[in-house]
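Below are two complexes that have chain A in common, paired first with chain B and then with chain C.
Coming up: the complex of A and B.
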């Protein structure tokens, strides 16, 4: 049941983020930064792959997965290029996300006007 | 007059009944349902790319790209802000919410100019996410490099 486990994993990550927003003074923007950073640290410990194994897209789609993509890219870079990979791997790992975010984000902001 | 314990307890019960309910349970439930639905849809996109012959590692990029594109497009149409008002962090934490955080402020500040308005406001939230994401992952990678070296 990959769809069910994706639903549960992604849903629970969002519940954790919602609890942070509701129970602390942190804004949603702070919480997004916190979760990207947390994803990077968990990935560095080698635990994020376990979460992906279980939750699939439920683990990769939330922003913690973006932090994991950065660290995963760096670890791949270290394996392939040594110390150089520390500087090139992060952006490489998140390249498609960053590029689409800038291009599609720019296009949508230019083409559409705010509603209401 | 000092309220005795009984009056005090009665007051507390009354107070609990009439004070505005903290919508914690509602917020958390909605975040679970909205976030879960977006991720289940992400799984559908992921399976689509696996079906095209991508390996799991190769499919991660296109999955993120597709979700970000959809988030940006739905924000342009005004749909994602509605999902965000309803779903809270359930809409903000998935990477579609990252796209929303780029497009929504950029669209608003378009009139201030395409460079200083749109170009800077695109990164109002996405900027910090990239700065801290890159910095923390760099430190994590450096630690892993040092551990491996010694």
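Coming up: the complex of A and C.
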């Protein structure tokens, strides 16, 4: 069952992104920023946890989940370190996503011969 | 917006000495070789990289190979070429400039985006017809992967291709024009006239829909040509636009019809539609400098030689955008030049 709900949640987020790509003139970069920002806003309103409750990884893995991780990190940082946490918390919260992206990107560059 | 087909001055040049199309050469990549015209090209490369280090170097090799095929067929040496007119889609047209290092011919590098092929033919005809040059070699090349990197994103980025987008042709075509007299009993093809296109902008700003951006320019030049030479479209066995694709060609036909010139779809073909099969996942069709060049130098030239086509109007179309300027939200101006060939 968690697999199904994750599939539905993640799939619908991707459908939304695909509609933005197909129906608007926004570039892929615009679309990505839009989804990170949307995730952050929804998280700030406190609704993103409801989505994670239902969809699990289907909600955390897509880009909106990255926005949520940023906001969550900032709120945690604010609680623990006060004003300083406002600046450090975001990256701390998103460390997982950023580090995986860097390591995976590096590994792909080492293992494969980029031709594009 | 300009009224299509109504430039204030006649822009058609008559070539009274009728420069001869002596020879053609065409080389394509594997995808083009697998397309409906695959059998007509001089050489189909099995590897997109052509054994080179980069896509840009592969594109250069394509251009050089097409020139070689053209010269070998004409039994001429590189030093017999009195002027080389070449262009491509890379920044600073490096493919042509670097390829020209290997030829001692005086060189003009041209940029008219995908209209470069007929731009080169037109200027080559002027130089030969004017008696300034005895031979003029006109060549263009493009490479899908190099063009993706230049205009959109490297192919490895894996960007999605929207439904109206087109697939840049990997290939090159070369034509040798010369002042040679017509030989009796041989199928001789000559350039009889050409129309210089003007820049037309119908406010299409989507860089993934170049067919729609170029269609008005194609219609404008075809209509202006027909007006200047006082002919109906039926005079031509084939009107070949360069790379409008399925969307753009239908729009161009509609635009011409709107100005009272009905051309039937069989007579007006498009290189971007002809070169790939729908099953090849190319969305709206082919595009690129090499699209018109390969289709003409490979397919149409053979049909003319075998006397299956006698009068052909080649109208290569170019979208004059750059990645920078389209990111700034500007619309896409386009240009098309027409060159009229006839079999004598």
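We adopt the following convention: the second predicted complex is superposed on the first by the 113 of 116 C-alpha atoms of A that agree within 3 Å, B and C clash if a C-alpha of one lies under 4 Å from a C-alpha of the other, contacts with A are read in each partner's own complex, and residues count from 1 in each chain.
Following the convention adopted for this analysis, a residue touches a chain if its C-beta (ideal position, glycine included) is under 8 Å from a C-beta of that chain, and two chains touch if they have at least 3 such contacts.
Note that this is a predicted model, so its numbers are computed, not measured.
A.B. asks: Among the partners chain B and chain C, which is in contact with a greater number of residues of chain A?
C.D. replies: Higher number of touched chain A residues: B.
A.B. asks: Which partner does A:90 contact after superposing on A: first (chain B), second (chain C), both, neither?
C.D. replies: Touch partner of A:90: chain B, not chain C.
A.B. asks: Just chain B (first), just chain C (second), both, or neither: which does A:58 touch?
C.D. replies: In the superposition, A:58 contacts chain B only.
A.B. asks: Who does A:25 touch here: chain B (first), chain C (second), both, or neither?
C.D. replies: It touches chain C, and chain B stays clear.
A.B. asks: Considering only touches as defined above, state whether A:115 meets chain B (first), chain C (second), both or neither.
C.D. replies: In the superposition, A:115 touches chain B and chain C alike.
A.B. asks: Can A:33 be said to touch chain B (first), chain C (second), both, or neither?
C.D. replies: In the superposed model, A:33 contacts chain B only, not chain C.
A.B. asks: Which chain A residues are contacted by chain C in one complex and by chain B in the other?
C.D. replies: Overlap of chain B and chain C footprints on chain A: residues 21-22, 28, 114-116.
A.B. asks: Spell out the part of chain C that touches chain A in their complex, as residue ranges.
C.D. replies: 49, 55, 145, 148-149, 153-157, 159-160, 162-163, 205-206, 327
A.B. asks: Show which residues of chain A lie in contact with chain B when the two form their complex.
C.D. replies: 2-4, 6-15, 17-23, 28-29, 31-33, 35-37, 40-41, 43-44, 55-58, 60-63, 65-67, 69-71, 74-75, 77-78, 83, 86, 89-91, 94-102, 104-116
A.B. asks: Considering only the defined contacts, which chain B positions touch chain A in the complex?
C.D. replies: Contact set of chain B toward chain A: 22, 24, 27-28, 31-40, 42-47, 60-65, 67-69, 72-73, 75-78, 81, 87-90, 92-99, 101-104, 106-108, 110, 114, 118, 122, 125-126, 128-130, 132-134, 136-138, 140-145, 148.
A.B. asks: What does chain A use to touch chain C in their complex?
C.D. replies: Touching chain C from chain A are residues 21-22, 25, 27-28, 114-116.
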